[in-house]
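Report on the structure given below.
Here the chain labels run A, B, C and D in written order, and each chain numbers its own residues starting at 1.
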C-alpha cells in the first residue's frame, strides 16, 4: 500500500477544527501520483519530498517475508475452521461465527422448520440457528441485519468456536 | 485400550500426551484457542477443535467447550495435562457424569487433596509424617495460639485452599500471631474464595523433595525414586533433578514407602506426586498433586518408565507395566525449565516471535517443547517454552552435559531463562549438591561480561 | 587428560566429538572448508581454522593443512571422526611422527585392517571364524579354481583393497570363474589401484551384524552387544538397530568373544567395529573398521556408554570407564539415517537451503545433526543430514516411537529419506525382525497417495 | 527519523495559524527523478537532500529478509578469516589471500630483510612472503601488480586458508 502522509495531515487539519480552505488549496494529487509512479517504476523503497508547507512521502509495500511454516506434509490437522475468510468478507459479505463449540441445528426442534433459508432477510438479534453444547440449546442471533447468502455448516454437525456458520449480505 | 483421547491442554504438555497417544496407537484430539491456531499441538494431533478465544477462561478453562469437543469428536477419554483443569474436581466430576474417562484420580480424591487440611489429615491417617501443626483448619486466632504453644515458633500460617505462597505468613513470635492470622486469612479469602488457614511448624533450610507414584486404584501401586525440586524462585520450580543429591537410602525408602501408603489409603488411580519437605534428616508431607507434573521427565530418565503411557494404560483398565528395577534410580537426570522470562530484567515475561530455534542434540539430551522457528509466543498463557532434560551415569557428568546443552540451545526473538540455568550450574554450592529452597533467594544475579553469575548475598545457608 | 582436540571432520560427527570434548572439559578445534563457514561445527567449537576450498581433497583430506592447523592451535590430539582420513594409515603415521595423538589405533593396525586379505588372515589367526575361501590373495585364475573346488559354488571374487561392491563378482559355476576373475581384477585395479582379489564362499540371505569394541591396547578390552545393519541400499547402511532382532544369546556371545579376541591379538587401541555376516546360525568375519562408526549411537543407547568420551579417555592414557552391565543390551534402539536424497527420484542427492528444520523431541528420542533453519547443504560432501535414534524398553515400542518421531521430523527445502524410513517401519517383514541384507533390493518403493510404501518384488526371502 | 519530525512541523504550522501557501509552486520532480537514478546506480541505501525549504529523501527497498542465523550469542567461534572484505575491495584494493594453512613469515629467513614493506611496488609473481606448513617453506607470490598498502598478518603468526595477508592497490 502506498501510504501518503498528506492524507494524514488532511485528517488532522479537519479534526483540528480548521476546515478552512485558506492557503491549503486542493491537494497536489498530480504530484503525489507522479511520485507514486516514480517509486513504482524505479523500484526504490521510499521517496519523501518536502517543499515549504508541502510534504509528500511514498513508501513501497514491504516485501512479504515468506512466513516460516511447518511444512504441510508434517501436519495432519484439518483445515482451520477459525481462519478468516477474506474472500467472502472482501466481497462485502459478513460471516456469522459460532460463539461456542457444539452441535449446529438449523431448526428450533426436530421436525420443525429451519430458522432461516438462503434468500431470507434477517434482522440483528433474530435467532438464526441453535448450537447445542452440554445438552443446552443456545440460540444464535444474527449479529448484522441482511440477506442470508449461504449456510456454511451442516445440520446436526459439529462446529468449532469461531467457525463461520452463515454468510450474510448486510443491508 | 482407550481409542481416542482429547488433550485438554496446550504447549509442551499437550505434545507430550499426543506423542504418547501416537506411540500407543490411540487417536488424539487437540483443543486450541484462537491464539494457538499455529501451535504444534494442534498440528500434530490427529484431530483438532477450536474451543474459544485467547483468554484461558474462555478456552482451556471452558468446561462446556471442552466437553462438547470431546462429544463431537467421540473421544473416550480426556487427559488434562497439568495446570488449567488438571486438578479441578468439578471438571473430573462432569467427565464422570457424561461418561468420558478422566485420565487421573476420581473427583473425590482430587477434591480431598485440593483441600490442604483434609490432605494433611489423610496423610496422618495413612501413617505419613506431617509437619507438626494444627489438626486441620484453625477456626480463629485463639485456637492458632493454642496450637502455636505446642508446635513452637517460628511457625507458618497457610491458606487451606492455597498455593504459590498466597495467604501464607511466617510468624516469629506469639505476639505477632494475631495480625498474621488475620492477614493470611484475608489474603486467602481474596485469592481462593476461602479464607480458612492452618498452622505448621516453620522449617528452615528445607529441601523440596517429591515422590512420583502410579497406582491402579486398588491394584498395584509403584513409587519411584525422588525428585529434588529445591531450586525455586518465588515458589516456582526452575530446575529439578533425580535422584536428590546426597539423600541417604533410608530417607529415599522412607519417602517412597510413605507415598505408596498414602496412595493405597486413598484408592488413588493414575499418576500423582506426593511432596515432602526434607530437613535435618526428617521428612514431612506437604501436599499431593493429583496429576502429571512438569518435571515428570527426570523420573522417566532414571527409571526408564514412560509415565504418560502408564497413565493411559491405567485409564484404559489395563495393568501398568512397571519393571522391577524402577524403584532404584539408574543414572542422574536434571530438568531445566526454559521460560520466556528475562532474567536480566527481573524475570519480565516475554511474548513475541521466536525468530530462530535450534534445540541441542547428541547423547543424553531430551527436549520437550512446542517451539519452532517462526512460532509466536502468545501473551495469554504461562511462560514455559521448553524443558531441557539431560541424563548421564552420574550427577557430575549430567551437570557437564547440562552446561554443554544449555550453551548449544539457540532461541532468538524472546529472552529466556537459559542464562540463569548456566549460572546455577556454575554455582559451587549447587555443584556440591543438596541446597535448600532458599538457594535462589540468597543469591543475586550479576551480569559478568554478558554472562550471568550468581553471587551469594546475606547469611550463608 | 588431553587438553585440546582438533576434530578433522565436518557435519554431525564433528558436532558429536565437539560435544564430548566440552563435556570432558577438553578444548576443541574445528577445521572447515570455505563451503562450511556457516556450519555448526565451526560455531560450536572453541576454535576454528579454515583449511581449504570446498572439494574435500583440498580441505578435509588435506593432510598438511590439518596437521598445520593442529600445530597452529596447539592441539594435542586429532579425532578423525568417520570417513575422510579416519582410516588413512598414512595420516595416522604422520600424526605419530609430528607428535600429535591420533585418536584411534596405530597406523600399523589401520594399515593391516585396511588390507582385506591381511585382515582375514589376522582374524583366522585370532581364532575368529572367517568365510571359507582363499588364504589371502589369489594370484591367478588357476589358483582361484583350486580354491573354488574346496569352498564350492556359488562363490564370490572380491577386491582385496575394495569396498562398496566394486571389484566384486558372484560366480555360480566353475565354468564362469575365469571371466569373473579377470573382470573383478581389472575393475579393482581401476578403482583402487590394486588388482588383487580373493575368493569367499557366497552366503545367501545373510544379515550384517557387527560388534563394537573398545580397547586400551594391551589393557582392558570391552565388546558390546551387536548392531544389526542389514537394512542397506547398494551397500550403504540406512537403518541400524541394537540388539539384532531374534539373535540367539549364544550367537551374541560368540560374536562378542570373537571380536574381543581379534582386538586383543592386534593390540588394538580405541574404538573399532568388527563386522560379521550372520547366516543360518553361523557367523563369519568380514572386516574390521578401525574407527568410530555412523551408527555408534544405537550401542550407546542400549549400554549407557558414551563411546566418544571413552575414545578420548583411552587416547589420554586414562582407563576406560565401562560398567559391568554394558555387555548385555538394556532396551532397544534404532537409528535412522536421514540423508539429503530423494527416495521418489531414485535417491537423487539434494543440495540447497534448509528452509525449515524442527527435529522431534520427547521421551526416547535422540537427534544428532548439524542442521538448522537457514543452513545450506553444500553439494560437496556426503548426504547425511541427521541421525534420528529412538530408544525404548522393547523393539515394538521402539518401532512405534520411531514412527512417531519420523512423522514429527520437519525438514523443508531438501528432500530426504524420512519417508523411506516410515515405509520400512510399516513393512511386515521388518516388523517381524531379522531380515537379510537383500531386504531393500527385493522391494520397490511405491507412491501411495503421497506416502511411500515398500512392495515385495521377485522371490520371497 | 525525518518522518515524524516533518509531520510535527506541519502540525505546528497549522496550530500556529500560519497556513500560508507561500512557496508551494510545483514540486521539483526532475530533481527527485535524478536522485532516484543516483540511488539506484550507486547501490547506496538512502539519499537525503535539503536546501532551504526543499527536502528530498529517497530510500532503497529493504533487502530480502536476512537469512535465519544462529544468533551470535550462541556461537563461540572467532571471526571468520575467510569472509570477504567488501570494504577494502570496494575501495579498489586487492587482497592477497593465503592459499594454505600455516605460519606466516615476512622474510625468507630469520634475520633477513622482509620481502616487502608498505609502500613498495610489487609485480605479479614476485614472492611477497612465506607460509610454512609441515616444515615446508612456501613462497607466496603477488597475484596482481601494484603497491603494498597494508600488511594484514603478523610475522610468525598462524594464518588460515583464504585469510587476507596483504592489501595491494593494483596498478
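We take it that a contact is a pair of C-beta atoms (placed from the backbone, for glycine too) under 8 Å apart; a residue touches a chain by one contact, two chains touch by 3 or more.
Since we're looking at a predicted model, the values are computed, not measured.
Enquirer: Counting C-beta pairs in contact, pick out the pair of chains that comes out on top.
Expert: A-D
Enquirer: Please indicate which chain is farthest from chain A, where distance is taken between mean Cα coordinates of the chains.
Expert: Centre of mass proxy via C-alpha means gives C as farthest from chain A.
Enquirer: Using the average of all C-alpha atoms in each chain as its centre, how far is it in Å between chain A and chain C?
Expert: 58
Enquirer: How many angstrom lie between the CA centroids of chain B and chain D, rounded to a whole number?
Expert: 54
Enquirer: Measuring centre to centre with CA averages, how many angstrom lie between chain A and chain B?
Expert: 43
Enquirer: Mind checking the centre-to-centre distance between chain A and chain D? Centres are C-alpha means, answer in whole Å.
Expert: 47
Enquirer: Note the residues in chain C that touch 2 or more other chains, in rising order.
Expert: Where chain C meets two or more other chains at a single residue, that happens at 44, 356, 358, 372-374, 407-408, 410.
Enquirer: Residues touching two or more other chains, restricted to chain A: which are they?
Expert: 68-70, 74 - these are the residues of chain A that touch more than one other chain.
Enquirer: Touching chain A in the complex: which residues of chain B?
Expert: 30, 34, 37, 40, 42-53, 59, 64-69, 72-73, 98, 372-374
Enquirer: Going by the contact rule set out above, which residues of chain A touch chain D in the complex?
Expert: 5, 8-9, 12-13, 16, 18, 20, 22-25, 28, 31, 34-35, 38, 42-57, 60, 62-63, 65
Enquirer: In their shared complex, at which residues does chain A touch chain B?
Expert: Answer in residue numbers: 67-70, 74-78, 80-83, 100-103, 133-134, 136, 158, 160-163.
Enquirer: What residues on chain B touch chain C, complex-wise?
Expert: Against chain C, the touching part of chain B is residues 15-16, 19, 22-25, 44, 297, 300, 304, 306, 323, 331, 356-359, 361-369, 372-374, 392-393, 397, 400-401, 403-404, 407-408, 410.
Enquirer: Along chain D, where are the residues that touch chain A in the complex?
Expert: 2-3, 6-7, 10-11, 13-15, 19-29, 32-33, 36-37, 39-40, 53-62, 64-65
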